[in-house]
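Read the structure below first, then the notes.
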Amino acid sequence: MTENVQHAGSLPDERPPITVVGPIAWVRNNLFNTWYNALLTISIIWLLYKIIPGLLSWLVINAHGFSAPVQECRADYSGACWSFVSEKLRFILFGTFPYDEQWRPLLTIMIFIGLLAASCDKRFWKPWFLAVWAGGLALVSALMWGGVLGLTYVENSLWGGLPLTIILSVVGLAVAFPMSILLALGRRSNLPGIKAVSVAYIELIRGVPLISLLFMASVMLPLFLPNGVTIDKLVRAQVAFILFAAAYMAEAIRGGLQAIPKGQYEAADGLGLGYWLKMRKIILPQALAIAIPPLVNTFISFFKDTSLVIIIGLYDLLGTAKAALTDPTWRGFYKEAYLFIGLIYWVFCFFMSKYSQWLEKDLNRARRR
Amino acid sequence: MATTTSAAAQRQTGTDAIIQCVGVHKWYGEFHVLKDINLSVRKGERIVVCGPSGSGKSTLIRCINRLEEHQRGQIIVDGIELTNNLKNIELVRREVGMVFQHFNLFPHLTVLENCTLAPIWVRRQPKAEAEATAMKYLERVQIASQANKFPGQLSGGQQQRVAIARSLCMSPKIMLFDEPTSALDPEMVKEVLDVMIGLAETGMTMLCVTHEMGFAKSVADRVIFMDRGEIVEQNTPDEFFTNPRSERTRLFLSQILSH
Amino acid sequence: MRAVVFQVLIIGAVVLLGWWLVHNTLDNLARRSIATGFGFLEREASFGIGESMIDYHPRDSYGRAFLVGVLNTLKVSVIGIIVATVIGTLVGIARLSSNWLLAKLASLYVEVVRNVPPLLQLFVWYAVITESMPSVREAFNPLPGVFLSQRGIKIPVPESDPVWNWMIVALLVGVAAAIAMTRWARARQARTGQPFPVGLASLGLIFGMPLLTWLVGGAPTAMDVPRVQGFNFVGGATMSPEFFAILFGLSIYTAGFIAEVVRSGIVAVNWGQTEAARSLGLSSGNTLRLVVLPQALRVIVPPLTSQYLNLTKNSSLALAIGYPDLVSIANTTINQTGQSIEGVAMIMGTYLTISLGISLFMNWYNKRIALVER
Amino acid sequence: GQTLDAIKQKGFIQCGVNTGLAGFSNPDSSGNWTGLDVDVCRAVAVALFNDPAKVKFTPLSAQQRFPAIQSGEVDILSRNTTWTLTRDTSVGLNFAPVTYYDGQGFMVSKKLGVKSAKELNGATVCVQSGTTTELNLADYFRATNMQYNPVVIESVDEVNAAFFAGRCDVLTTDASGLAGTRAAVAPNPADYVILPEIISKEPLAPAVRHGDDQWYDLVTWTVYAMIDAEENGITSKNIDEFMNSKNPSIQRLLGVSPGMGKSLGVDEKWAYNVIKKVGNYGEVFDRNVGPNTALKLERGLNALWTKGGLQYAMPLR
Amino acid sequence: MATTTSAAAQRQTGTDAIIQCVGVHKWYGEFHVLKDINLSVRKGERIVVCGPSGSGKSTLIRCINRLEEHQRGQIIVDGIELTNNLKNIELVRREVGMVFQHFNLFPHLTVLENCTLAPIWVRRQPKAEAEATAMKYLERVQIASQANKFPGQLSGGQQQRVAIARSLCMSPKIMLFDEPTSALDPEMVKEVLDVMIGLAETGMTMLCVTHEMGFAKSVADRVIFMDRGEIVEQNTPDEFFTNPRSERTRLFLSQILSH
């Protein structure tokens, strides 16, 4: 009789054994759950033990502080020379922008960061926010070029450092974006002429390294233009970036377009929406939402790739760091320089990549509604 | 009996025909989908198209608003011949509403926006007016309370009703339905059929591909039976169901009714 | 009709733009009396190249110098793709490891490597390699005849002997035999159900055949062992620090992306698949090989292709750290001959060819493994 | 001429410099361009506009420099460029007087015990790409029938870093660069020696495009004026004392007796301004690369001809 | 009645038990999922496990072929105790077939390949033999004609039948089913249940988590009711449905049957 009703009442929940919860269980389950994991854990700890002290001593313990004179650094190379960074900070960040006016690029950076941060919020994904961007860009041009509002004129050959990196990538992407939409639509068009031109463009550009495009822009562009016509170096780099970014973004958008079911096209056709109306109102809003994560990935790689303009002698962040290293007094501290700008690049890219991951999850959740 | 029908059909080819297909042929690559289709639909007529799967029903309907292109013959809709002329195609599409099997609502727009999009952008109506019209039709399909939801939040039957309302908002002269209930769960079929019957009662010209024989019986003026790309039989519903002329029709009906 | 006009206009515009550029260029070239044509390729290059897979001497032609560059680029790309795939796969799997430490370390790797410009990473790797290696005189000698130093890795190579040629033939025969044996083993398993240790047997064939040939050929042991003479090692074969830096810099950078590709591919395979396979009694190795990987691959292959293309194109950064790749050599050529149009055209043409080749191959492969669905 | 008119019209000189070469052209911590090549451009700006700020600098890489001057992107190329026949002719340049006599040399680690470049057979050599150095190196080893193994890197700093890390046995570049590098970059300068052989002549000179002789003259004579000032002992500090000098050649130089400026098409006090605002050649040398700078270069070939060097100003008359 | 059952249960704990769980406990982190499970299954017995959602039914079944690890107590399957010993686990899994709620067919292999994969690689059968067996079982589940299609081309009910055939191909001594019909459309449920009933008739030992009470009534030897990780009641189907002893069971049954 009793076996049938095995437990007349509900058994109490018991505490799990220590092999299931608690720090010991955690260590067992996460570090030593199999023999090879145990082996791995031990070798990793050994490796960290070997690397970290040396790194720490160079970075911190033996390092020379932010105000150490260069002679002190030269006397002892066993630690980092952080005074290099403090000495060259403004040059690395702003390049050859007139020293007394460097609050302007600083403000520019902050405006961009503010705009970018705001753009991350979906509540701002409204048409009027484009106007905010336009206003922001106008303000930034006024700040950087000057010549208005009592600001002295600063020509763009003097721009450099972080503002240049940001301007190249933001403006590049902003201009490339509409182009890439056209290219993506062109590639999926059923007009053979348009399709051929789009495919040829995308594949040609994607098939060659950006560096050779930049190289062409710097060395050969003068040959392509009518005699005597020259184009500003910044503009050339910017154009090369736009051409390149457009091809890559077009492919990301094409992925989004392909994900839109055929029924959406047919329904739009059935309502009598013309081609452009159909694209603008029905297809693109959906396709772009799908394409956002790969687009953000493209943004990240382009932000990093701005470092290639060094090839054509523009001082972006990497360029200013290298130029800072040519100061006779401060030659040789390239580890410190690279570490510093590497960190700046990393911070920007890391936030973008985290954001894209978050966005992807968020959009997927929204789509499953 | 048969003579009456053919006489009626004869009369329909007259000038008040709103859709006219003359010797229409269509190929998909090598495959001959539509073979010499002659069809004429009067204003206000309600036609049900049926036939086995793959017989070209969808293709025919889709040719009428040029979602597919035919290769031979003429299709004239509301006095406009369908050619490659983009302007004409857009004109025709404004007058022809289409309801798809899979609804094809725009998922990024609310129900109301789905309904006002085309009136605002194609008919250039003021937004307020378009919304008023939309609400009117949404009420007619008994879904006005959901106007601000997104399609993804509605059941299949509700979605299909929105799709019908969306077409109606363009005040089309003709409505085409391509198996509007076949993607729905059985319980939801009735909701949609009711709406369609209501629509039929207003005198709308309707061309409907469906296997809902109850619907055909109660509202159709004419039933068209297609097989292998041909129109095998056209008849009144009564005749069609009780006294089909062709052997094929009989076979088809026996299958569908036994189901 | 409108569409036709539109297309004609667009193509017309493209052609016009092209004509305008060509016209300007010709005009400018004439105006500045700059020579054109590929005749310069036959002229003497008269600059040295640090490493080459074929014989090269400064008195060789520019054309040959360029070929050296192309081969060097191919070498980095091909080996880089292999290394990056291996590292990336390992890191991607490590990110999914149940070992917390390993998983965290792997994600740290990905986050760092993906978010720092590759050019910067190359500088760092080059500095690390050149600074951490001992000098020639104090070269690290892990195996007899193998030396690690600031000049790179030196390994002994056998002195020329006809047996070595025969061994290469034997190797090829071994590979062919291994393929044949794999076929046979598959047929036998189909027939009898008994699996055959194909992996081990193939290894045996591929290495055993040359070994046998070597023994039969009288086991010549004369090796060209690297030894210090003057400034450097002489003899043996070299892998230079530049090659290492570009190879590992690119591989490690690209591996960060590949790791994510692999991880997402594996995650995309439903855990239920593994459970189903395991509950059928398949071992974990067979589960991975027969069930998980074939499904993961179809998610992995398309993005992997882009990564391969990126790696190939990024190899053009080699000029920053002194590896004589095709861009580096073309640059020097352009500088000396002034024939920039031809030079850049050759650079772009070569990369385009390589890229299209990779794309074609990967697309073919992708099609082969595509899933059939309703 | 066309170029000079254009310069006068836009009101400044566009000067192409190196993207960064210590002592010759490099931006300082506040982003101002400094260096010997830079000062030459400033001197020309003073001669023309009496304002050292009326010059804008375009940093150029080795590949870019010739297209830049050819296409008119820059008006003057003051970028440690070696004066050679091909560059004078097929690239289409006119070289102003040499501002720095250099020659390509070798630096090696003391530990190797090498005394002469003749002993370098089989050495690994670090060299910068895109320059004449790369060719001279190949020529030298071919001429002496020795083997070498080049490591060709794009930027000077990377070349230097590679050498001091021990990647190469030999560092080759212009001797000026070698000395400077040893002084400033070497972890321990005493560990390195510069070999006595100079394997090439490297006269570094500012250059202008063919087609505007007036502009060329102005650049040429600005350089001569600076050298001439040093020959006469005139410096930016003491120049005002010389205004009363009875020496007719000094009077001509400083514009006290007019004529020189007019024939160049500039202000009569052009040379005075140049020396006052930029300095004479010696001052410029000392300020940028001289023994008291981090580069610690000796005058050597660049001493005045009167002191055993090669710097020799043509007579201003 | 009750006494007979308990006597039967007593007998089952004897030596001919093919599955034996003794005092099994399992935790997910802090959460105690299985509490003191004692269960013994004879060869050829057909057991249905039911209970509210989250009561640990799936977990119990999954512990039996070690897809989950238990932390206390013993599970002995076909004479082999389940421990961390990998060899043992693989031995047990060969003898235990499992059918999942979501089928988990291998989408990159054809139906036939799905069925022959394990026999070839685990049982080392010759391919021809494996295929013959597979075809036999595919015929038994009435799907032999689809043998060369890919799973993606089949309906849910067909897929689940393939999944059953796939397990059968390993000739397991025990079959475990985890809600095999709950992911199916109503029409397809019957197909699968029919196959399972057929299987039960062959005398296969079966442990089946299901809410199909009709199935339980017609084939189960014993119904086990679980709640909050405990086995609350074990009984013959008749007793269980008509005369449940525990209050909880009664509540559960009232809910499920009213459905």
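Think of it as A, B, C, D and E in the order they're written, each chain with its own count starting at 1.
The working rule: contacts are C-beta pairs under 8 Å (C-beta built on N, C-alpha and C of every residue); 3 or more make two chains touch, one makes a residue touch a chain.
In this text, all values refer to a predicted model and were calculated from it rather than measured experimentally.
Novice: Quick one: how many steps at least from subunit D to subunit E, stepping chain to touching chain?
Specialist: 2
Novice: What is the touch distance from subunit C to subunit E, in steps?
Specialist: Between subunit C and subunit E, the shortest chain-hopping route counts 1.
Novice: What is the set of chains touching both subunit A and subunit E?
Specialist: C
Novice: In degrees and to the nearest 5, what turn takes the CA positions of subunit B onto those of subunit E?
Specialist: So the angle, rounded to a multiple of 5, is 160 degrees.
Novice: Per-chain C-alpha centres versus the global one: which chain is nearest?
Specialist: A
Novice: Going by the touch criterion at the top, tell me which pair is linked by more C-beta contacts: C-D or A-B.
Specialist: Per the contact counts, C-D leads.
Novice: Return the chain whose centre of C-alpha atoms lies at maximal distance from the corresponding centre of subunit D.
Specialist: Max centre-to-centre separation from subunit D belongs to E.
Novice: What whole-number Å value describes the gap between the mean CA coordinates of subunit A and subunit D?
Specialist: Centre-to-centre distance between subunit A and subunit D: 40 Å.
Novice: Can you give the whole-Å distance between the Cα centres of subunit A and subunit C?
Specialist: Each chain reduced to its C-alpha mean, subunit A and subunit C end up 26 Å apart.
Novice: How many angstrom lie between the CA centroids of subunit B and subunit D, rounded to a whole number?
Specialist: One centre to the other, that is 84 Å.
Novice: Provide the C-alpha centroid distance between subunit B and subunit C, rounded to the nearest whole angstrom.
Specialist: Inter-chain centre distance comes to 58 Å.
Novice: Could you list which residues of subunit C touch at least two other chains?
Specialist: Subunit C, residues with two or more chain partners: 3, 123, 127, 334, 340.
Novice: Enumerate the residues of subunit B that touch no fewer than two other chains.
Specialist: In subunit B, the residues touching two or more other chains are 86.
Novice: Where in subunit D do residues touch two or more other chains at once?
Specialist: Those would be 63, 67, 70, 155, 161.
Novice: Across the complex, what residues on subunit E touch subunit A?
Specialist: Checking each residue of subunit E against subunit A gives 2-3, 5-6, 9-10, 25, 27, 29-30, 32, 35-36, 38, 71-72, 227-235, 245-246.
Novice: With touch defined as at the start, can you tell me which subunit A residues reach subunit E in the complex?
Specialist: 1, 3-8, 10-11, 13-14, 16-17, 19-21
Novice: Spell out the part of subunit D that touches subunit C in their complex, as residue ranges.
Specialist: Of all residues in subunit D, those touching subunit C are 62-63, 66-67, 70, 90-92, 112, 120-124, 126, 129-131, 134-135, 137-139, 141-142, 148-155, 158-159, 161-162, 165-167, 169.
Novice: What part of subunit A is in contact with subunit D in the complex they form?
Specialist: My answer: residues 77, 87-88, 90-91, 94-99, 155, 157-158, 160, 215, 218-220, 222-223, 228, 230, 233, 311-313, 315, 319, 322-329, 331-332, 334.
Novice: Touching subunit B in the complex: which residues of subunit A?
Specialist: Contacts found on subunit A: 261, 263-264, 266-274, 277, 281-282, 285-286, 289, 367, 369.
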